[in-house]
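Shared between the two complexes below is chain A, which pairs with chain B and chain C, respectively.
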Partner chain A sequence: MRHQFSVKVGPVGFRVGSAWRAPVAALRHLYAQYPQPDGGITDFTVRLEPETMLRRWVRQSVAIEGDFMLPGAVPMALRHGLLAAEMGMNLQMAMGQRHFLLLHASSVERGGKVLIITGESGSGKSTLSALLGERGWRFMGDEFALIDPLTGLAHPFPRPISLKNEAIMVMADRVGAGRMGPLLADTPKGDIRHLIPSADALANMMVPGVPALILFPRFGHAAEVRTMGTSEVFVRLTQASTNYVALGERGFGALTRLVTQVPVRAIDYPDTESAIALVDQLWAELA
Partner chain B sequence: MRDARILPWILAQPARTAMLDARGWTALLAIAQAERLLGSLAHRLIGINVPPSARRVLDGALLSAETGRTQALWEGEMARRAFAPLGCPVILLKGTAFVAAGLSAGLGRQIGDLDILVPRDRLDAVEAALLDAGWEWVKPDAYDDSYYRTHMHELPPLIHRDRDTMIDVHHTILPLTARITPDADAMIAAAVQLENGLFSLSPEDMLIHAVAHLFADGDLSGGLRNLWDMDRLIRDHGGTEGYWKRLHERSARHGMTRHLSRALRLCHHLFETPVDPYLAWEGRKGDVFYLGRLLARNGWGQEARKPLRLAFYIWSHWIRMPPLQLARHLWTKWRKNQAKA
Partner chain C sequence: MVEPIYTADPASGFHSVRLDSLTAIYHRRSGVTHVVAEPVPEIIVSLAGKQLNVAQLCGDLIADPALVEGDETRRALQARLDELEEVGLVSLA
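Moving on to the complex of A and B:
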């Protein structure tokens, strides 16, 4: 393809081909500090193509294609090409990853132990992991936690953190513009701006950790901690996993081990400061 | 890389991977993925020295294929249980048949839906048994349903409400409207029983069924995988006493001699398959177009040669239906799409 980019994120190599220059230029900026895929061979291919030949030039729109594709996916505006590339990489992982059980979750590590934060969109898991990553934790990922079915360890997948709407200001003030990607305004998910993980997170992107605590946060309620039954956790994590079914028995084994060995809490929080306080408290008690 | 040649080239002789650089490897893996042959490639490259990052991709494909194999066999077993009271043989077709019979074509093969063949006169009972066992119609559309029933070689697809898996129930080999009519009754009569109580086609019919599926029932998309199946079947069975003679007789009976001949030539060209030169001789015209279409994919896994692809697409409809009927069908489909939009 005309414009090409490749990168290694955690244990996974990607290549992205694009019909236009802009998305690849944005990727190069955002991933400047990331390594290249091992031996130049990639796990997954993503292609950003015009929906039809005409759409390369007129009312340009980007169709997300690659090794794995979602039939009927809506093409995106070219100015959101970076987001299209990110979604394309997520899609390859979600549909094609077979070495790890994927949980739609963010994760951070301290002292070799991993905190996994899962929950629906808008629960604040990206923002929480980004904040913790600036407060002495090692950021491991804000999109997928990778659980190795053989060892039970959680592996990092430290992609640039996708911050949305209000979270953008909070983090940009804290880390400075040098670690922020371009503002993608009015995407289907609102305003999005990426935060480049810290140097420490990138240097240790191949270092896994032992899952030590799983949290299901919920934003917008008075601070509260609730326990959850093992069966409920199991079912909710199957829903949070993109490849639980595809992994067959290995997926069942990995998830069973996780929910029986790792403590789980649901937390409500009214603002980020109280969320951090709850995390510190539960980590001290349980992890 | 402008076409998909590298994939059959490596499948034919895996030691050739020693000549690949990083670019070649990435192209090979992307093309294999797009042609749904990554698992087969991974199996072919077991024991070959490959770079660690390629090995990781191939190992992932092996894991995937193994899970797929277990699920396919389980679906076959579910169908067997559903049909047990009917006393009607369940003949497995395509991928599930290959893995159930332990054939090389099943190694690493990606398996989609469960395809089975049943005698046409038992179709009502079969349908009732499936609905009773939890399968449901996928297409509740009245036109599609009646279209399947009057013109197709299979029931409208059914999906299982708990397992979310599809079953295609074939009652003959090609659409009822197609110009060639292979003899389904003869195939059913010659079917062989497997250890698990299910049936598969005889070795010769299995190859002919693959040929029919490739040339008379589609626009050659997925054709490389189809031809790879044939290569594997021929290498499993080709050395059996009398195989080629029976194959010739069988293909004549099903009206498939010219198609078989072309398939053998394409297999030989792409995978260096040992074939009977006499059988492979007939009707050589046009092979170059078929090869062009089969290899129409670049090193990024993208579809290439759009006009040739379109030509084959139109051709595939032309041979499946008489022109007037085709026009009527496309008109109805178009109007329904308009109504939806």
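Moving on to the complex of A and C:
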């Protein structure tokens, strides 16, 4: 590929190749503080290529390719090339990661203990982890929590945080433009802008923690805390994991250990301040 | 009519974890996870590596002799065995 980029995020090394300069330039800006893969060896490769030769120059559109591909995925506009690269990296992890049990969740750490926040798209897990990461917690990741089947520890995967729509303004005001990526307007997911994790989150990207509390947040309802049955949590986390089936019994062991040892609560919240208050309260009570 | 005899993989073929009122069972041969309620874990323990008919299984599972002999008990157990056979956790010997 003409333009190359490689980066290490937590325990995972990526290489991104692109037919165009712009997506790689955006990645270099966003990941400027990140280390290079150990020994230059990467786990996954993403390729951003024109759908056809013509699309390299005319109505440029980016097809996401790599070690693992989704047949029939719709190409994206070149102006969203950064998003295509990020989606490609997520796809490689979701489909190819075999060392860790992957949970579609954000996570933050305090005092060696990890809060895992999972739930549907739109539940606010990215925004909550981003806010907590600016309030004394160590941000560990907003997309995947990596659970080591051998130790049960949660490992960081602190990619830039994908903020959407209203959350962009909230965080940009707080951290300043220097830690924000470019605005990607009108993507299929709305407006997106990435937040670069804090220096502390990046410096400690290889430091795991002990899972201590799992939350299932739901935005848009009056503040409430509910307990959940262990079997319900187990089933929902199998659904939230992209590689549970692929890991076989290692995945079963990791997930049953997690759900039988770590307290879980579902929380409803009307706004982010209420959510933070609930997190503080539950952390003090349970973690 | 020949009375059906049921069997299941030996105990080493399963990894079971009690979650709450339900139990998660990982079936090693198929790689499939099942989340099941009573009396499924007990049925699998009784049948693991053995061959039993419904009456013998009833005797294994139920302490009360009156219940063991009851048609309703056997019908209920037969229904569970049919379900378990369908998902591959037990099979006809």
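Please note the rule applied: the second predicted complex is superposed on the first by the 287 of 287 C-alpha atoms of A that agree within 3 Å, B and C clash if a C-alpha of one lies under 4 Å from a C-alpha of the other, contacts with A are read in each partner's own complex, and residues count from 1 in each chain.
Please note the rule applied: a residue touches a chain if its C-beta (ideal position, glycine included) is under 8 Å from a C-beta of that chain, and two chains touch if they have at least 3 such contacts.
Treat the numbers as computed from the prediction; the structure is a model and nothing was measured.
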Per the contact definition in the header, classify A:Phe234: touching chain B only (first), chain C only (second), both, or neither. second
Taking the superposition on A as described, I'd like to know which of chain B and chain C A:Gly248 touches: first, second, both or neither. both
Hey, is it chain B or chain C that touches more of chain A? B
Touched partner set for A:Arg226, first chain B, second chain C, both or neither: neither
Who does A:Thr260 touch here: chain B (first), chain C (second), both, or neither? second
Give one of first, second, both or neither to describe whether A:His99 is in contact with chain B, with chain C, with both, or with none. first
Which chain A residues contact chain B in one complex and chain C in the other? 248-249
Across the complex, what residues on chain A touch chain C? 229-231, 234-235, 238, 245, 248-249, 252-253, 256, 259-260
Touching residues of chain B toward chain A in the complex: what are they? 21-23, 25-26, 29-30, 33-34, 51-54, 56-57, 59-61, 63-64, 67, 70-71, 300-302
Residue set of chain C touching chain A in the complex reads 15, 17, 19-22, 24, 26, 28, 31, 33, 35
With touch defined as at the start, can you tell me which chain A residues reach chain B in the complex? 1, 11, 13, 15, 17, 37-43, 45, 47, 49, 65-67, 96-99, 246-250
